[in-house]
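Per-chain numbering from 1; labels A, B, C, D, E and F assigned in written order.
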Amino acid sequence: MKMVMAVIKPFKLDDVREALTALGVEGLTVTEVKGFGRQKGQTEIYRGAEYSVSFLPKVKIEIAISDDMEEQVVEAIQEAASTGRIGDGKIFVYDINNAVRIRTGESGQDAL
Amino acid sequence: MKMVMAVIKPFKLDDVREALTALGVEGLTVTEVKGFGRQKGQTEIYRGAEYSVSFLPKVKIEIAISDDMEEQVVEAIQEAASTGRIGDGKIFVYDINNAVRIRTGESGQDAL
Amino acid sequence: MKMVMAVIKPFKLDDVREALTALGVEGLTVTEVKGFGRQKGQTEIYRGAEYSVSFLPKVKIEIAISDDMEEQVVEAIQEAASTGRIGDGKIFVYDINNAVRIRTGESGQDAL
Amino acid sequence: MPKYSRIIATSLFAVVFGLIPSVSFAQSTLNGETAFILNTFMFLMAGTLVMWMAAGFSMLEAGLVRAQNTATICLKNIVLYAIAGVMYYLIGYKLMYVDVPEGGFIGSFSLFYNPSAEELALMAAEDGADAAEAAAVYGSSDYSRMSDWFFQMVFVATAASIVSGTVAERIKLWPFLIFVAVLTGFIYPIQGAWSWGTGWLDAMGFSDFAGSTIVHSVGGWAALTGAIILGPRAGKYGADGRIHPFPGANMPLATLGTFILWMGWFGFNGGSVLALGSAKAATAMSVVFVNTNLAAAAGCIVSMIYAALRFGKPDLTVVLNGALAGLVAITAGPDIGNPAIAMLIGAIGGLLSTIAIPLFDKVKIDDVVGALSVHLVAGIWGTLAVAIFSTGDYLAQIAGILAIGVFVSITSSIVWIVLKYTIGIRVDERHERYGLDHAEVGLEAYPDFEIRRAGG
Amino acid sequence: MPKYSRIIATSLFAVVFGLIPSVSFAQSTLNGETAFILNTFMFLMAGTLVMWMAAGFSMLEAGLVRAQNTATICLKNIVLYAIAGVMYYLIGYKLMYVDVPEGGFIGSFSLFYNPSAEELALMAAEDGADAAEAAAVYGSSDYSRMSDWFFQMVFVATAASIVSGTVAERIKLWPFLIFVAVLTGFIYPIQGAWSWGTGWLDAMGFSDFAGSTIVHSVGGWAALTGAIILGPRAGKYGADGRIHPFPGANMPLATLGTFILWMGWFGFNGGSVLALGSAKAATAMSVVFVNTNLAAAAGCIVSMIYAALRFGKPDLTVVLNGALAGLVAITAGPDIGNPAIAMLIGAIGGLLSTIAIPLFDKVKIDDVVGALSVHLVAGIWGTLAVAIFSTGDYLAQIAGILAIGVFVSITSSIVWIVLKYTIGIRVDERHERYGLDHAEVGLEAYPDFEIRRAGG
Amino acid sequence: MPKYSRIIATSLFAVVFGLIPSVSFAQSTLNGETAFILNTFMFLMAGTLVMWMAAGFSMLEAGLVRAQNTATICLKNIVLYAIAGVMYYLIGYKLMYVDVPEGGFIGSFSLFYNPSAEELALMAAEDGADAAEAAAVYGSSDYSRMSDWFFQMVFVATAASIVSGTVAERIKLWPFLIFVAVLTGFIYPIQGAWSWGTGWLDAMGFSDFAGSTIVHSVGGWAALTGAIILGPRAGKYGADGRIHPFPGANMPLATLGTFILWMGWFGFNGGSVLALGSAKAATAMSVVFVNTNLAAAAGCIVSMIYAALRFGKPDLTVVLNGALAGLVAITAGPDIGNPAIAMLIGAIGGLLSTIAIPLFDKVKIDDVVGALSVHLVAGIWGTLAVAIFSTGDYLAQIAGILAIGVFVSITSSIVWIVLKYTIGIRVDERHERYGLDHAEVGLEAYPDFEIRRAGG
């Protein structure tokens, strides 16, 4: 099984979720994160003093999937989350050894 | 070493932590997340307009452990976090190559 | 490619980010988390009733890097985040199979 | 309480009969119409300050519940204020003040309380021809009737606000509102008739200037019975006897609420002089303001010191409670001539409430905001203090405390129990964990904020 | 509105000419100077309460926008209050009240409105020699001129506050402030001259005691045209016709704002008696306070019940709107003699506003805080209610509603459109998504808090 | 400041000696008792508004500190208000007002300030027999003694509130409270005796109507010395000379605080007329209200424009400061006859404070909420403005500013230094980073919220 972890722009979350649902993905987990990257944070002024906000609000999505879905899932995310502007985010994929559904104790593919 | 990542219902956090402590787990990291899955969010009404809250509050736990503890840890979480009702969450396991304790620089098993 | 995941003390975030930037790391993702470990939370009193805060505020950093940078990155984090006091945190490293830049669709090393 | 107004009534009498009040014979040298205006305006201003206390309770309670129950407590607090006004207009005021037999138990059971016919005539009179109507009005009453109604109404709302804080985070919305309707329409007015309505407690000499017992303890008893019948919040008391606190979500709101209450209390106690149309009333009001402030200050400081010594930290929520306990304590006798004694009364009030907070926990009575310690404990203390330090009579004070306590406890219990076994008063545990805001109000109080510990 | 003050003017006249007012001949038995002081002090106290409503609108709106737009709405609300005061001082007051021809359309176009020469002389007079100056002042006016200015000024600010809530979360700061300047300096005062300034609507018999139409609907029309010309927030109305609500970020703040408004409304309606120097005025004020409170209570309760039945949940934001709608509805006639009818008027106001909320959404008019339902819909209802239940004339009431509606809609539209095609009125979509606080104010409202859904 | 009350004293004198005041000879035509009541009631209402400013400071400061220090600042603000009242009752008032030799330096050192014997007699008198007592009271004083105490007391609290904002986020709780006790019990009253207590500055002609210098700058000097001796917050000024701002955590709270202060200021400046018992006083109060409002409005608008031009964004926190600076500036002379000049004074106040904010940062004086720019800078400006635009004397104004500045700076420094080298005034750096709420109060201000940047 694979874990796909994507960092995207927050307002793209619903689009991505819909794209994934369309693929048959049945679950995912979302985290509010802050991103640092090529997209630079603004320089803000507070009470006359400049300071730079290095971190920008992003959303992280984690989706456990079966191996065969990797390609479509990554593609779906990439399409749905893209605006073409800097800061659109990243997708990372890594292997997971096991998955368990807490409610039933099922494990492996069945747990997803 | 393994990383166990579990997504559970927030109010089960203390139970899970206690179960893990009982096994000798000495550390873990907790993140507030939102989950999307078979458990459907409610349909809410705000000022007369319906909308569905697709995401439900969940808590993610990450626990780095030595390989031999995998089974007991997964089992302990599954038991402690289960209510038998939909939305209880998932446990994922993956390999980690290395672990370092920042304070001392120790690495591997010793760092956990 | 590798994913380095570090859990550190919040006020060390800027130091760590600077240390990583100095190494040429161009992106990272930050999450507010709560940590449980050897460092014990305080015992607080609320309205005369004692209770222990088991979880302490920490910050989690995730940095995807090319394999060859692993050592320096881990070292840089370890140095920058260390205060020598308990609770300084952990660094974990694991393999990732793929990385994609959403904006451009580039993948692998180029996406970082 | 009715003392300071009589003086004006007498002088008004003189005016109506065409006598020019003179310094040497009348109690007040004021023109009758002037006194009427001042009394009326005072009721309106003081009443507005007391109305503002409803916001104070809302903010205090919104700050002291968990984030997941915040919208619910806001809803309860604004609606209870609305219900209190409507019920008191429909039935409560008359039960309390109209046709209470001397030394009696209850007033009139008829509905609605409206402006007097004389007042309506005056309002309708042509501007150039209303002298007679005006004289009829200020000659027969010291103040405009509805200004008094307004002032009394906001007091009822206060009693109801006290209840909501104690039973928060687990009670269902609708049964709570029904309880409020009964409390403000019947329970509060009936016991009020005994003292302020010139019933049997007044005849006995029971003295409660602005309502340490009549308002605050009444709210306290209703809350106490509610807390017992309802039971504690899920998870509050561990099986092992350990207490698991649920810290309040928003400390600046709780602080704001306390400041609002402190401010409003000047109207609560000051307005309870019930007159402004004489030097005596104005002087008494000044003394009341000062005593009110000093008692609160002393309660605040003492509770901070006690909390620091006893709990190891000057817990902000305890200090806020302490200031309020000082205010509740001085409410029964804020017209005392020596402000140093007012400080002492407030200090003891703050101390007692701080001591009481963990005691209620010990007996597993779960009081979310400390309303029992503040309004019931300090309310009883303040009522006794009138006998200790002032002109109050021990027997009468104790009789009042007991009679009102028993009456309110029994009637409240009946209402709570009837509600419990009919529509139910408690949200189910899953909803409690998930938050009342979702279950009862259908929205989140802080939807844009990442909230810790919200159940699922 | 000017009724209750005339009585005093007459008796003051008597004083100036050396007549001692007597109970049998004068309308008020008060010493002229006493009446002058009471009227003046009343204006100042009531005006302070109305000023406080600016804070109420701020908190209500800050609670009902998303976290990412909160600092902007705070900035707008405090600055609009400042601008309203300055514009009304520079030009507005004179347009509205000075030299309006009887039955006319507009007052004086000259700048500044200052204390009268007599008042300045009195203030400058030696303490031992100011009797003549004093008599000149209270003999020629019922109240200090600037106290009236103060009271009228805070009303203008209210009209402006209404607009900010509707057009929130998408309008640019500076054009909004320019609109406010025109509204408070010109549009509001001109239509105000027609009625309160004794212009043609007053001559027709149009009756709007404290401004259901003259203040609240005026704000409502200006907001409505703004909302239409500006368009809805990005993402509010889906392509599929679905509505995507953006829940308000801070419910206790919204609740606090409503309590503040409720409190301030006692000054708004009570102060609109415009006098305190007679038993008649004091009586009227008491009735006004009671009616105001009961109408709000009824609006609150009815909207809760309606929301629970219709939407399935007693949505807190709707209940807050309902209480305010009750207040707006009673504002045109809070001096009605029967409080039960005030309750009815408030209840219908609350009901109508609750019904209206989803209707505006249906026609895709995006009103962030419900100001149109509350101030426009309930404002129209309240103005009609004066004809239905009280002495108002149907024709005059309808004429007033229409004339003011048409005038404000046209002039507002012109200003909005000019702004739109010159400097632009709408922030660009990326900024809207990211939050106006970043784009327009350059800071976050809650920087230490983890915020959900903030764009990037 | 004492001007407006003398007029009534004189007429009261007439009443006591049985003379009926007549329009042609007396300064006020009011019945003596009526004037007594009006003056007293005015003090109580205005004092209540000023008391409310303590809540305003709390909310402003709670909004401008980081989330991790919010509970601490709330605790400090409510307890400092309590301490101010107690200290002023114990010793302060007498030091300031009782037995200050003409042109002298200090009042009486005796403890407690209580109602006069005459007032106690009046309050104790039977309702039917208190005419003589009443006459004794209103014949010997223009107002009830404790109403004046109440009004003066809330002023002291204001001075103390100013300090807490500047030294926030790093000062220890207990030493801060000790400082407050000394400030409110001794430092403030002693300098107050020089002017308002009719001491040497008053004799020189120093004119500070409501306390630009006597209250606001006093708080400012005490805060300035504290900020210097305490040092800046950890991390505020980088080694490289860069400034690292710590944005305030809660903008709507800060906005609310500013609105509360603005509202309370009507009591602060308006009540400083010190009388309501004459047309002159009522007129002056109206002018004061208008000037106060316009100065704040101008300060608000000007600071917004300046911030937009200079910093690129209309920083909300600067605009809030600007409005307050306008208020502080007009406080020394709010009775000026021309409101346009009041606007100018406020505008310059707002401008100066906005310019000052980054300057203090440049010299590494770390003022968390901008209290120095607002209360010290604008306070000095306002005091000078009385000489520039009004009847003030340049020499006397400068003398007052300097004398008070030097006195408060020296005495405050001594207290700060003694505290520093005994119990210490600064929390240790780890606690500062982790948040004072944990270290000093033992709870979190927002425990249910996910907070960014909280140390560990």
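Note that in this section a contact is a pair of C-beta atoms (placed from the backbone, for glycine too) under 8 Å apart; a residue touches a chain by one contact, two chains touch by 3 or more.
These figures come from a predicted structure and were not determined experimentally.
Considering every other chain in turn, the ones in contact with both chain B and chain F prove to be A, C, D, E. Comparing the residue numbers each copy contributes, chain A and chain B share less than half of them at their mutual interface.
For the pairs C-D and D-E, the larger set of C-beta contacts lies at D-E.
Repeated interface, listed pairs B-E, C-D or B-D, reference C-F: B-D, with more than half of the contact pairs matching by residue number.
Centre-to-centre, using mean CA coordinates, chain C is 53 Å away from chain E. The geometric centre of chain B is 18 Å away from that of chain C, both derived from CA atoms.
In chain B, the residues that reach two or more other chains under the touch definition are 31-32, 35, 45-46, 58, 87, 94-95. Shared interface positions of chain D, defined as residues touching 2 or more other chains, are 31, 34, 45, 247, 250, 256, 311-313, 315, 317, 442-443, 446, 449-454. Pairwise chain contacts present here: A-B, A-C, A-E, A-F, B-C, B-D, B-E, C-D, C-F, D-E, D-F, E-F [touch as defined]. Taken in their complex, chain B has these residues touching chain A: 2, 6-8, 31-38, 54-55, 58, 60, 70, 74, 77-78, 81-95. Every residue of chain C that touches chain F in the complex is listed here, in rising order: 9-11, 32, 35, 42, 44-46, 56-58, 87.
Contact residues of chain D toward chain B in the complex are 433, 438, 442-443, 450-456. Only residues 3, 14, 17, 26-32, 64, 94-103, 105, 111-112 of chain B touch chain C when the two sit together in their complex.
Residues 32, 45-51 of chain A are the ones that touch chain F when the two sit in their complex.
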